[in-house]
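The same subunit A turns up in both complexes below, where it pairs with subunit B and then with subunit C.
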Partner chain A sequence: MTQIPMGAVPKKETEKLKVLKKPNNNIFLQMKKNYSAYLFLLPKLILFTLFIAVPVVWAFVLSFQEYKVFGSEFAGFDNYIKVFESEAFRIALKNTLLFTVVTVPFGVISALVIASLIYALGKVSQSLFRSAFYLPTVTSMVIIAMVWRWMYNYEFGLFNYVLGWFGIEQINWLGQSTSALWALIIMQCLIPFGVGIIMYLASMGSISHSLYEAARIDGASSFKQWLHITIPLLKPTTLYLVLLSTIGSFQVFTQIIMMTGGGPGSATETLVHLIYKTGFRDFEFGLAAAQSVVLFVIILIFSIIQFRVLRHDE
Partner chain B sequence: MKKVFKKSALAIASLGLAASVLAACNGDSEEVGNAEEFKGKITIWDGPRWPDKDDNKFHWLESKIKEYEEAHEGVEVELVQVPWAEMGDKLGVAIAGKSWPDIAPVDISGSAVSIDHIEQGVVEPLDAFIDKDEKKDFYENALDAYTYDDKLYGIPNSITLHSMLLNLDLFEEAGVTPPENGKWTYDEFLEAAKKLTFDRDGDGKTDVYGFSTYVMPGYYESWPFFYKNGGSPLNEDMTEFTFDSPEAVQAIQDLADLKLTEKVAPETHGGVDVGGTFQAWANEEQRTVAMQPWATWAIGAAQGAYPTNFAVAEYPTGDSETASTIGGVGGWIMFHQEEVNKKAAVADFMKFISTAEEQHHMAQNYGIFPARISASEMDPFKDNPEMTRAMEMSDQVVMLPRHPEWKKIDEAIQSQLQLVFNGEKTAEEAMADAKKVVDELLK
Partner chain C sequence: MMKKQNNKFNKVIIYVLLSIFAVVSLLPLYWVFSTSLQLSSYQSQDMERPVSYVDANPPKMYPMGIPLYFEHWGEARDAAKAGDSEQEAYHRGMMEHIVDNTFSSYKSLFQKHDVGKWFFNSVYISVLVTFGILLIDSMAGYVLAKKKFPGRNLIFWIIISTMMIPGQVTLVPLFIMVGNLGLMDTHWALILPDLSMVFGVFLMRQFMYSIPDELLEAARMDGAGEWRTFWTVVLPLAKPGLAALGIFTFMSVWNSFLWPIIVLNSAELYTLPVGLKTLQDANLASFKLLMSGAAVAAIPMIIVFILFQRYFVKGLTLGGVKE
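Here is the complex of A and B:
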């Protein structure tokens, strides 16, 4: 078979078809050719297989079983039926959705605004603010949750202290069903989205200055340049960050277990906290696995929708 | 003195070993093995206990391990240090992965190991290693806590209960006399709580409250109040939810009303902040609450890390006119063993650390009551009137229902109780809602 080098101009229609075909579809030959690249990938691939792929597949298998220490039994779709009939799951899903719907847009938009403000600064100031805003990302959520628990403390907390200045009565932030979930949402919103800020800054650096120059010549204000050049060109980054933070928000756990335990009542119960309780408190690993699979599907659906809405149009 | 203890402990352990062999000779169908023939490693998990001069909270078990290893050549005992707060979760993961330790310091109530685990064979029965005479040395309720289906699944080493701790400095400041002999009715308790709630600096805000506690799954400090009129969470045969009875509902509402209507408890009353609640009573810089119910470990804390001028009192009585308290039993359980000789060796080590001398030693240092009668007879609290007073409450102990679904039942009740304490539901509404969930679990 005559092969036409990539990029060559085909003379006939038949030759065009040949160009579109891969030169060689033999995966083993390709691997042999690029063996050094595969060698570098191998350690990560092994770790991924052992600690991600195998547990994910195992969780899927487990979701169809009634788990027992010595020999689980096949349970068909029983666990999935229990998930969809469960009032606790519905409440957890509702709370998680509210948490995600508020915190994700707030996190991404605030990261964009903060990154835009930092980008306009000089190099030294930029480094300083970049480090400051990234700090919460490298701080354990356990520590952050403990600090926020103190800030929400009814007697000595910062928030009630500030409210006192304005003569407003103290609020039992984490003790009332009406305020507990919102207290966690506010906390999440006010923790800077460090990864988002860093990624937006990096992406802003790659936007060609000539676009801004042309806009300036046309008389566009700074805000219009930001709105019509910066934001559209940051769309791929925005998509990535929305996906990343949506997945993170659906998996919210540490704040819940550290600050409210899902209460009062079920006011702050979330999906991952429910999965944790089902698995490690009730030892119903089959049901917990089914809940995990349902969560996986929900995240997948959200990711597909976001990808379709926000994907970068060529 | 130490040598005498060491020798007697080894002698008792040897007797235990002989007893286990005898049990086998007596026709017990279970093969018990021979501990002397075992060479290898025994793994034990334990949480931090009382500190030595270097603040090592595992020194007691470390010294016992050393002693045992010296007396048993070829046997290595590995101690895995696990924070108490993580014990349940870590054991859960270990059980799921069948990588459990040989011995763990948990009960079979469901906090870490459940009846379901026993039925699946995860926990070994110990009847072959502890004969009837030896069992006679344990308090009946201690053995009951580790007994399921007429088999013993652990060696009890401690008994705890809850009691009311009263800050006597605040009582004096408010001019309130503590209850005589620590006994009082609910009306007397409420009267005291009202007097103990006061504005110290005259700024119009309450500085000290009479009472507070917290409500969350797995914690039972507030529960004896719910029993005061004769209520209980389940009926005797555990087929019916009974916390919705008028007696229980009134008792629950009474405790919530300490905050909601009587204003003698802070806003955090009925919350989930365990540490913050204790600090409010014990921390010298706070001391904003005069009375709180705690398990007996808090007596040790108030005598040590948080020196407090305090007294121990019973829970107040209601319509039933009898005081109640919730009790718990601690001990060691053995996880499933493949080798019979190892099983015998593990049982031997469990008995070695559960002798009367060890329980007496633990009672003196760790704020718990011995599970062995002979250890109690050594009078571990002769110089500790607060612990002695608490120990006198042993006959008021009510054990929680041992239902396989107890964890879920507990959560259904406690999450509704939280809503009563924050004023979102009345006790009647909350218990009616709890009943819907619990009745499903009891089916």
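Here is the complex of A and C:
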């Protein structure tokens, strides 16, 4: 800390120098000066530490333990070995992957198509349709699952009835292992991806009109403009939506517990439902913690891959 | 000329397509309300047994009480004209029965089941958490955006990085913790973890950036303390952000399900989604009753959505991609 002798420079200059000079480097002085900032942060920090940070760390610790009420024992990788050796986990992973691989692309692409169609309309129609597609998103999945369970009813369900119009025979959608998972996938596909539609609409609004103008002068059709201008420019939104819905779809749970309970057999078992069962029906905390860490890692890997793939060819 | 016609034709196709999609999208919600109001027991003079239109094959696409009510109304009027008071009374009685039966499941939800209590629980927990989050997260977001202090970036990145971790990871430790704290089967077990959600910190910090420093400076010049500045200058300016955050918090708390079914055991403490699950699990309930329960849970979110629609859009685009 080199102090500039006061007398050495004219008064005005000192003031300039004071501003230029780095603020006091003493970290404790800085903290003291800003104590109110810490006070503002304090409530969130306490809650965050107690109910998020500690549990996250604890989950990793637990996954290496055999949990006992009085004194858990270190178990090394036992829980992880059990996870990967168990048939149930493999099935749950397979089901979850199938669910994700079908519903995420379908959801994002249909959101893009619907948003594009809406965007071509006038203001009033825009907001009307936007609401129609977003409304189902605000209702709880519990409700949606309940009504779909009713619609999938073998005898009196709406779904079989409508299929009957096309000459398709009644199917016991949720009752047999061959169709149960597909029933859940179809349902997910038919629930509009409201968040996606709204975000696409917002992003489309920010695309410059001059680009389309130029394309039109070059004689490009609306479809070509959509393909070569709209879609490429929406890429950041697409990336975000793919990530968002992949993360959500890996955590599919409410439909499962409300509609099939993972059955028949383990036909609709998913990762989170398995974690729920392991932890809170069988009370195998260590194992459940290991399963959840594996889920986290899977989601992380998927996110990184998607990020890379969708970012790369920009 | 040709072009214009073509354009119009395109528009029509777009409207048709979107309308079909919209019907598919809204059909389940419609079906909730339609089933909940469906006539579950009806016997006219020429019927041997009462029929239920809830379990009908083919399904009835709208509450049958509506056409039947008007049918009986017309017959009652005709009977009155013809001076047949017996027939008139019969038809008036049927009209009453139809109204009663149409709303019967809503009545029994609140009388025989705890739905009133569950509704109250859901409302007060959602409202409490929403206001708590608004205060706590705007305070945190404000200093993270506008103050420079040691550790600021570190704290922010630690908080944000946990957004990547799926909630299921913390289930088991939280369960053990809540048990140790003696909070199992209490509403605190829901409220405290909900108040810790970090999304709002991120959202509010983004939003607070747009508040001009000059205004904060001016408030300080006027001698306002940190708290006064926050309360009288920052919060009013952050209103749109607060509205968006408030709606999303309310929605996620109102709809939260996995954690509540783990920690709540007593029927009188249930929130609506948990109660609906037990109602369905009991297997005694008819689909009419279940759909009425679903409707009761859906209506508040639908109202909130209609009232605050523009903030939904704002919140989504604010919290998402920043550009």
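In this text, the second predicted complex is superposed on the first by the 255 of 314 C-alpha atoms of A that agree within 3 Å, B and C clash if a C-alpha of one lies under 4 Å from a C-alpha of the other, contacts with A are read in each partner's own complex, and residues count from 1 in each chain.
Note that in this section a residue touches a chain if its C-beta (ideal position, glycine included) is under 8 Å from a C-beta of that chain, and two chains touch if they have at least 3 such contacts.
The shown structure was predicted, so the numbers you read here are calculated from the model rather than taken from an experiment.
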Inset, instruction - Report clash or fit for the pair subunit B and subunit C bound to subunit A in the combined superposed model. - result: clash
Inset, instruction - In the overlay, answer first, second, both or neither for which of subunit B and subunit C A:272 touches. - result: second
Inset, instruction - Quick one: classify A:282 as touching subunit B (first), subunit C (second), both or neither. - result: first
Inset, instruction - May I ask you to decide whether A:155 touches subunit B, subunit C, both, or neither, giving the answer as first, second, both or neither? - result: both
Legend entry - Comparing the two partners subunit B and subunit C, which touches a greater set of residues in subunit A: C
Legend entry - First, second, both or neither for A:58, with subunit B first and subunit C second: second
Inset, instruction - For A:214, select first, second, both or neither according to whether it touches subunit B, subunit C, the two together, or no partner. - result: neither
Legend entry - Touching partner for A:81 - first (subunit B), second (subunit C), both, neither: neither
Legend entry - First (subunit B), second (subunit C), both or neither touched by A:198: second
Inset, instruction - Classify the contacts of A:140 with the two partner chains as first (subunit B alone), second (subunit C alone), both, or neither. - result: second
Legend entry - Location of subunit B clashes with subunit C - one stretch out of 27-35, 81-89 or 171-179: 81-89
Legend entry - On subunit A, positions contacted by subunit B and by subunit C: 67, 149, 153, 155, 279-280, 285
Inset, instruction - Can you check the complex and tell me which residues of subunit A touch subunit C? - result: 27, 30-31, 34, 36-38, 40-41, 43-45, 47-48, 50-56, 58-59, 62, 67, 114, 117-118, 120-121, 125, 127, 129-136, 138-144, 146-151, 153, 155-158, 161, 164, 190-192, 195, 198-199, 202-203, 206, 222, 236-237, 240, 247, 250-251, 253-254, 257-258, 272, 275-276, 279-280, 285, 288-289, 292-293, 295-296, 299-300, 303
Legend entry - Touching residues (chain side subunit C, partner subunit A) in the complex: 10-11, 14-15, 17-18, 21-22, 24-29, 31-32, 35, 54-59, 136-137, 139-140, 142-144, 147-152, 155, 158-159, 162, 164-177, 192-193, 195-196, 198, 201, 226-227, 230, 251, 254-255, 257-258, 261-262, 273, 276-277, 280, 287, 290-291, 293-294, 297-298, 301-302, 304-305, 309, 312-313, 316-317, 320-321, 323
Inset, instruction - Quick one: which bits of subunit A touch subunit B in the complex? Just the residue numbers, please. - result: 67-70, 149, 153-155, 170, 172, 174-177, 260-266, 277, 279-283, 285
Legend entry - Residue ranges of subunit B touching subunit A (in the complex, touch as defined): 88-89, 92-93, 95-96, 98, 114, 116-117, 120-122, 216-217, 266-268, 270-273, 276, 288, 407-408, 411, 415-416, 418-419, 422, 424
